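Notes for the one structure printed next.
Chain lettering (A, B, C and D) follows the sequence in which the chains are written, and residue indices restart at 1 in each chain.
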Amino acid sequence: MTSTLIVTGSPSSSSRTHRLAGLLRDKLTALDVPSSILDLRTLPAEDLLHARFDAPRIVEALGQVAAASSVVFATPVYKAAYSGLLKTFLDILPQFGLRDKVVFPLATGGTFAHVLAVDYALRPVLSSLDPLHVVSGLFVLDKHILVQDDGSVTLDSEFAPRFDLTIGSFAQAIRRAGLLHPPASHGALAAVG
Amino acid sequence: MTSTLIVTGSPSSSSRTHRLAGLLRDKLTALDVPSSILDLRTLPAEDLLHARFDAPRIVEALGQVAAASSVVFATPVYKAAYSGLLKTFLDILPQFGLRDKVVFPLATGGTFAHVLAVDYALRPVLSSLDPLHVVSGLFVLDKHILVQDDGSVTLDSEFAPRFDLTIGSFAQAIRRAGLLHPPASHGALAAVG
Amino acid sequence: MTSTLIVTGSPSSSSRTHRLAGLLRDKLTALDVPSSILDLRTLPAEDLLHARFDAPRIVEALGQVAAASSVVFATPVYKAAYSGLLKTFLDILPQFGLRDKVVFPLATGGTFAHVLAVDYALRPVLSSLDPLHVVSGLFVLDKHILVQDDGSVTLDSEFAPRFDLTIGSFAQAIRRAGLLHPPASHGALAAVG
Amino acid sequence: MTSTLIVTGSPSSSSRTHRLAGLLRDKLTALDVPSSILDLRTLPAEDLLHARFDAPRIVEALGQVAAASSVVFATPVYKAAYSGLLKTFLDILPQFGLRDKVVFPLATGGTFAHVLAVDYALRPVLSSLDPLHVVSGLFVLDKHILVQDDGSVTLDSEFAPRFDLTIGSFAQAIRRAGLLHPPASHGALAAVG
């Protein structure tokens, strides 16, 4: 049994990043990868900012990360890096809090000038948590994210194929990782076991 | 008139980083550079985490940065980078929020393995805010910070000279910057005005 | 059939980095992972520095990378980053020159203060080449590398277990990658096919 | 007396980066800042790649850096970072080879996606050389650089003002630095001496 946790770190209540996480969850479901979303904005702010490791909601959130076999970290790019909100959560993860996990860095931003923030800012921090595999990250320009009337989002036709391709690689990496950690019984690879 | 704001971004109430800021303030005072401390831990957590630019305490804190001619950003190193608490504050600064200011990055940590976090993580974010001059940063190992009975700190004799040297360079950079922005009338350079 | 190319980028003829590559090759052989070494110092300097993609030895070296299913990039840390020699070679790789490959970043240095150069400097550059998987990197302090009378090296007993563990993870990642790319028939996993 | 050295690190003989350096030299001259260009491509390739500190042309080039009070490092962006050619030269500079100098990082590239390479890749390396002041860097898109019939370049009208502004700030930083290091006798500040 494997599952993916999608952690979203936008401070905004009407966040494109958070909505994109919903689309990602649907895509993963279609690929037979069960996933759930942890919106950091819903955690008690003071517990998070003051690093109260033993506050109930923090304990629960840390447990969700520990239980997941793969984790997506989704963040808007502010000031050439990940959001402070996301970092407050990464700060309270255990030293090797991503060990044996497959990790997918996902960023959104208003300008292409921030693309490298994924690999120069977010990836080194994730690497410090000793993950099994940080797959290729993705930077999504705000203009590619189309908000629908019901609040959900779609991607425009220019960017959608790239998004699908990257998620496919992530799903494949999850399967590969699972193969060597029995019980391995996912999708197209089930016949291998 | 110039003044230095020392922003501290440790989530801990008994923080070495925050105590070191007190020592820094005393040193700057001795160099005739007036300074004050802004402890981000005292700001309302939810206003900060949810980026409420118009909350009274946030407005006040942003005003302190705007009014300062130089700013120190002091942070513990967590997960190979600055603290999430510090980043939540940097996130709400205006796009060019450090324009015309002299900036000093100051980090504390338990291991030398984190030294490069100053130049690879903190400095690029500060640079994105269009500062006049980000001076050489300083990384202080926890073991060099000696907590006294009254809660204040001193630095051990091995590290103290380096600390003094770096602060001296910072003070000099502040004076140099002031020189071209009349009225320049500080300390040893007062005769210039 | 898979093979690993170990690219070494030290400008010194008596390099610890290059000697460490010899030890790594022996370890990989013991794990049933065939490997060979490409010492960038042996390439014609002007062809490399002037980016002559069509010079015979450059063509040959690029072919070695293209043919490998996994690549180690070994470099001393100079000035807080990988060597210029290594970067001249990375510069002439095709835009997606590490696609579908498993990559292992390996650095040597004289001080722990340079550890983060692996994740903040080398890894982002490798990531830009679209690798399948950049595994956890390794930073080896010069003092752990013991040069023997015959010029080969061993690692001291403090560091050797960490080296073996990291190489084991690299070998495992190579096997996992191969599994989804038939024919997959390596080592302990042969029974899976 | 102050002087600026413009170091160019493009491996190409028809480099936009190198041509841009010529324009920069003319602009600095117009601002009363004497400057000269060091094209790393003209140094003996093997001496550079094998780090022969005592080769005559290398000794001479290192002397040019040592004698300059300010240095521009101009590089194309390849693989999300500075060129290998530039890094081979930075590698042979002394440990504190930029001490007391004002430094200007200048990069060229084909896509905005590489903008952050200036602050995340080049600036940390320059910072490790203990400079007095690394001013705001500049990233110039290839498309803004217009090559004239005589091989010189101009900038298009969209980008030219930004280039002039940045060079003006650099010149101002050079003057400020000179002020506190006698003999200080530049331009509008001559009265200070």
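Basically, a contact is a pair of C-beta atoms (placed from the backbone, for glycine too) under 8 Å apart; a residue touches a chain by one contact, two chains touch by 3 or more.
For clarity, every value in this text was computed on a predicted model and none was experimentally measured.
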| item | value |
| --- | --- |
| Greatest separation from subunit D - chain, by CA centre | A |
| Mean-CA-position distance for subunit C and subunit A (Å) | 29 |
| Centroid spacing, where centroids are CA-atom means, of subunit C and subunit D in whole angstrom | 32 |
| Rounded Å distance between subunit A and subunit D, as computed from the means of their C-alpha atoms | 39 |
| Per-residue multi-chain contacts in subunit C, two or more chains | 80, 116, 119-121, 124, 127-128 |
| Graph class of chain-chain contacts, one of line, ring, star, complete, other | complete |
| Contact set on subunit A toward subunit D in their complex | 80, 111-117, 119-121 |
| Subunit B-touching residues of subunit A, taken from the complex the two chains share | 11-13, 41, 45-46, 48-51, 78-91, 93, 120-121, 124-125, 127-129 |
| Subunit B residues touching subunit D - in the complex, by the definition given at the top | 116, 119-120, 123-124, 127-128, 130, 133-137, 172-173, 175-177, 179-180, 192 |
